[in-house]
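Both complexes below contain subunit A, partnered by subunit B and then by subunit C.
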Partner chain A sequence: MKPFDYVAPTTLDEAVHALAGNPAARVLAGGTDLLAQLKGGRRETPLVVDVKRIPDLLSIRMEEGGLRLGAAVPCIRIATNPDVRAQYPALAEVASLIGGTAIQGRASIGGNLCNAAPSADAVPLLIVLSAVARVAGPAGIREIAVEDFCVAPGKNALGEGEFLVDLFLPKPAAGFKAHYLRFIPRNEMDIAVVGVGVSATVTDGQITTARLALASVAPTPLFVREVTEALVGKAPSAEAIAGAAALAEAAAKPISDMRAPAEYRRHLCGVLSRRALTAVLQ
Partner chain B sequence: MKKTYVSMELNGEPVEFLAEPSQTLLECLRDTLHLTGTKEGCGDGNCGSCCVMLDGTLVTSCLVLGVEAEGRTVKTVEGMATGAKLHPLQKAFIDHAALQCGICTPGFLVAAKALLDQEPDPSEERIRLWLANNLCRCTGYDKIVRAVQAAAKEIREEKQAQ
Partner chain C sequence: MSTPSYNVIGTRPPRHDGADKVTGRAIYAADFQMNGLLHGAMVRSTHAHAILKRVDTTKAAAFPGVVAVVTADDFPQTPDRIVDLGEGETPVSHLRGNVLAKGKVLYQGHAIAAVAATSLQAAEQAAKLIEVEYEPLPCVLTAVEAMADGAPLLHGGDTNVTAHVHHAMGDSDAAFAGAAVLIEREFTTATVHQGYIEPHAATVLWNNDGRVNVWCSTQGSFVVRDVVSCLLDLPVSQVRVTPTEIGGGFGGKIPVYLEPVAALLSKKSGRPVKLVMSRRDVFEGSGPTPGSMMRVKIGADADGKFIAAQAFLAYEAGAYAGGMVGAGAMCVFAAYDIANQTIDGYDVLVNKPSTAAYRAPGAPNAAFATESVVDEIARELKMDPLELRLRNASREGTRRADGPKFRRVGCVEVIEAMQAHPHYSAPLGEPSHAEAKRGRGVAIGYWFNIGLPSSCVISVNADGTANLIEGSTDIGGTRTSIAMQAAEVMGIPVDQIQPTVVDTDTIGYTGVTGGSRTTYATGWAAHDAAQDVIRQMKLRAAKLWQTEAVDFADGVFRAGERAMTFAELAGKMSETGGPVVGQASVNPRGAGGSFAGVIVDVEVDTGTGKTTVLRFTAVQDAGRAIHPSYVEGQMQGGSVQGIGWALNEEYWMNPEGRMMNASLLDYRMPTILDVPMIDTQIVEVPNPAHPFGVRGVGEANIVSPPAGIANAIRDAIGVRLYHLPMNPPAVAAAIGGQK
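What follows is the complex of A and B.
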């Protein structure tokens, strides 16, 4: 790696100060993206700011109204946390899908979001869980809805000197279920050809909330708002699910690459959406 | 680049060293502390041959900066044996011929120990999935899985006998 300076601030203010006026500085959480990029020469930086000494970024805590998940909490802690497993089982599941065991010891969901890959496994799920990102920077703290966080491949909505502090996930209502499904050609440790996150609440036989988001079929993780409009107010049925899956398929803007041709990806969007919706609505 | 002072616990002993911020923990272990048991394979987190325990969590040390280890606890393959007595996993790897060239072996041993320390009786599927982050180009994995199963059985029997 090309030489760089390293600081490990212990408070949010110190981190804001370290990043201020240094747009090429990079934030280090688990390092499974950043250090691989620096080692591979795909990125250079004069300064690495390690945020893992800041307590807020490493805490998982239940608050009134939801879960606050520190941006640098490694996947293994998310996957094994009793509160997460009990209240957000789909999040625990996705945290155990990203990378292999040793990668999960370092990689964070916050980093998965900030890296802004179109294929990020956690992001469609965060979108359907209505997660809100809390960001610190020179102008103070602000919040960004997760569906607005990724703006282009590898580009996020963070402004100069800003970094992700934590994610807030609203408490699931009674009857709420969420699910993430991906297609990969092998059993583990692969990049999604297509990923689908869905959530829905069914109250007294009627769908009261529904969200669907896709991975690997657009320049960013894609929130398909039409699915919400199509499902809310209906009773769960095979027809309703098929209609929503067709909307997901139509919303996808896939490209052809080494992993799959565009037509195949589009087809998978429909298949996986139908399966994922069936899992949460049955 | 100016070096940074790092102090950490390594295999139960306090150690101090100087590291450039851009040196990985793997480089610090091998080149500075001369513990060459931990191997470099791919260098980008895919192969698992550089696996160590960092504060009780399995990580690939090629994707950790040495300076990040300040105040932390690190355990490497060198910490597995007790004096001349091999850890049951090490012995099982020899008995089951679970290695040929041996480059991946330290990573497999550290990763397998991390599993057995928390799950004394994992299924074969669980072992294979847990070790999916470790690549071996010689054995075809089957002997490694058998060795881990044998070691798990031995550790359980040792515990019962106590």
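What follows is the complex of A and C.
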């Protein structure tokens, strides 16, 4: 690991200033990705900007119309937050899925998003929860829909000098359910071979919203819009679920690598989509 | 045979090294520090097979903080010869070439050069400045490919096959004609690593007086001493090796990798040099155990008696000759009494790291094949699989195809214990969801118990305690299991004996901690050394009492009416002739070996192909369990490693021979959440070739788990898998292929 400079700003403005004019600087939240990359020699940086002293990035609060989740809030706080557990139980679950106990005290959902791994466990769920990312930078504040946030493996939509401030999750309607299901060969300490996030609202026996997103089967977490079109307006049924699962399987563009063959990942997309949709629709 | 009554043997005292290990005070190789220490970094091959055209260290040598740089050219270029330094017969050029490549690299991760600097950062940055020019050659990665005509050749000549072992008795071809059931199947297994948690590490100081001091993590300090002295062309007396605590080895810490390189760096720099492997280095640069291709054919008569068997075994040797197929060929049918056998084994060079021993090396591969075929025969004959095994079990007098006849062994007793175990008759239970299926499998396996030399010295203290020194690095609680054997003889509690593993200057030659030999052979040395103590103590009592006949029993010396405890007599050593020091060296032969078996319940998710091990029972013959907790620990450890081998572990290589999963994240050894509590049952059929009946228990327990799990998966899903690992994609594909 090469030496680097370290700053820990306490306001958004200071952070913007620290990052300005230093495109190789890296933002540090929990560090569970960044520090491993630096130590493993997979990334070098002249400057690390620690954002864990900026209050906006460390708060979880209910607002008008939804939940605002600071980008650096560690998973353990998300998983144990009463508002999150009551209104976004699937988010609490995914926060407790990432890493072991020690990692959960550090790792953040915001960092999981910014790291832009195709296998990120939180991102498919954020997509199906219709989360919106709020970012700060030299040009001020702007918003990015989570499904547009990851653009390539390890690359996100943040411009030069920009960083993630928080995520806004709209308040779930009555009858709304969400679920994230991932497959790993072991029961811990593994990267999703396939992850499936689903959400749906059933009103008076009819599906009124439906979203499905996949992890680990494309260069980025993949929002499968066809599933929404296929399910909305239908009654929940095994046939409807099977049809949607087939669409997810068809949408996947997996590769073969040491973690699994492409053909198997595609097969899993169907199996897990069926199971996850069944969990929210029945 | 009546069970002798013991005071110490069979009890479960706390281990002598326990407090240091649970408090983190124990010193492992990477913890070792000394004044003036330099840190080393290695340059490793990025090609699986290439000619080294140029290795230029100029820029690295000039980097700030760098004190020494070495390549293979820095070794004394002694003429090649065959040596046996504890790892089997090997040309010196192979030992030297594996430590630092010369002329050619044979696997990705092959060490090429090393740098020593005042900081680890400087050493790592300087290592990146070493320029290596390769001329890539085609690589070959499996035994089958390497045996094909026209395959790339690793060491020239006309073949990659370095050895063909052939064992035969009777006439198997003719005998097959009489078989009612004849099953022949082909199996393959992936290359797997031992996965010890502590990476290799070594510190060497080449002193000004020419003596070389080594502190390292090893299973055999005398192997390190002899390899270092051989490669550096020094008398063995000039090299002293001090073994540190060791964080696992399983056979993989018998070969020597870092010590000769650190020695060269120390010689050049005049300072102590430490080298520590990363996890990637461990996977790519140390010795895994071979991938293999096997064909096994067994014929049985209508009653289930095996009448003939044949095996073809092709095991990867890795980059140098001397792989594990020899032991595989000796074990493939060792569990069964079969009159007609033909066994052919091939040791085949491939562009992977030179293979090393891994817990019963070669036997789990072979047992996966044999025990799968035996399971199919049981199904074909509609016979209980344990009954079939019992009908054919090896026993005293059974001859193996490689020659020896078994002495008293516990194969029958192990199978009977499996039959009687409540697990074997327990219901499987309902699957946990609609897409899940459950099944049960059994398998058995055999592994040897080698002898080799061991030495032990016991010094008696005036307060009646004793200090015991020995040379077997302690991996599984052997300080205590060895001291317990001395305590039993000396009639004192084991906490009155302080055992210490010492350096190579301080104790007589002691073979590796391997081959399940330590409690057996070093324990035997301790038994004999303790007898030597008692013999001398009796003479002291005789002198005190002016008598000739002194008896010793239950810790008390007696002559007529007079009696003294061990401690009382120890207090009179000074006046009766000075300190009492007992010593012994042994080199036992004809050890009995151990049989073991498993009963496994699995649940397979037919949607994802994932196998969950629900219940696992391991049964093993320990001869005599000196410390039952450590025997159970060995059984559980071997079972867990067998589960990993069965379900997920493999070297996942790309076509260019690069290992793509060289991390603990992607190599997927089982975690604590992936295994159930391993239930154990110790069987005791005393080994006639040991004073207490001990059989080595370190290895036989890994032989049968992969086969047992394969048989359980077959029972669950109705389709058999012929390749390890039986990972979720493989199981899902097998289920898919069946539909």
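Convention: the second predicted complex is superposed on the first by the 282 of 282 C-alpha atoms of A that agree within 3 Å, B and C clash if a C-alpha of one lies under 4 Å from a C-alpha of the other, contacts with A are read in each partner's own complex, and residues count from 1 in each chain.
We adopt the following convention: contacts are C-beta pairs under 8 Å (C-beta built on N, C-alpha and C of every residue); 3 or more make two chains touch, one makes a residue touch a chain.
Treat the numbers as computed from the prediction; the structure is a model and nothing was measured.
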{"item": "First (subunit B), second (subunit C), both or neither touched by A:I76", "value": "first"}
{"item": "Subunit B versus subunit C as contact partner of A:P185, first or second or both or neither", "value": "second"}
{"item": "Partner chain(s) touched by A:M1 [first = subunit B, second = subunit C, both, neither]", "value": "both"}
{"item": "Touched partner set for A:Y264, first subunit B, second subunit C, both or neither", "value": "second"}
{"item": "Touched partner set for A:R275, first subunit B, second subunit C, both or neither", "value": "second"}
{"item": "Per-residue touch tally on subunit A - higher for subunit B or for subunit C", "value": "B"}
{"item": "Residues of subunit A at both interfaces, subunit B in one complex, subunit C in the other", "value": "1-3, 187-189"}
{"item": "Subunit C residues within the subunit A interface of the complex", "value": "121, 125, 607-610, 647-648, 652, 660-661, 664-666, 668, 670-671, 673-674, 727-729, 732-733, 736"}
{"item": "In the complex, subunit A residues that touch subunit B", "value": "1-6, 8, 28, 30-32, 35-36, 38-40, 48, 50, 52, 74, 76, 99-103, 105-106, 187-189"}
{"item": "Subunit B - residues contacting subunit A, complex", "value": "1, 4, 20-22, 24, 43-45, 48, 51, 54, 57-60, 62-65, 67-68, 70, 111, 114-115, 129-134"}
{"item": "Parts of subunit A lying in touch with subunit C, wherever the complex brings them together", "value": "1-3, 183, 185-191, 193, 257-261, 264, 267-268, 271-272, 275"}
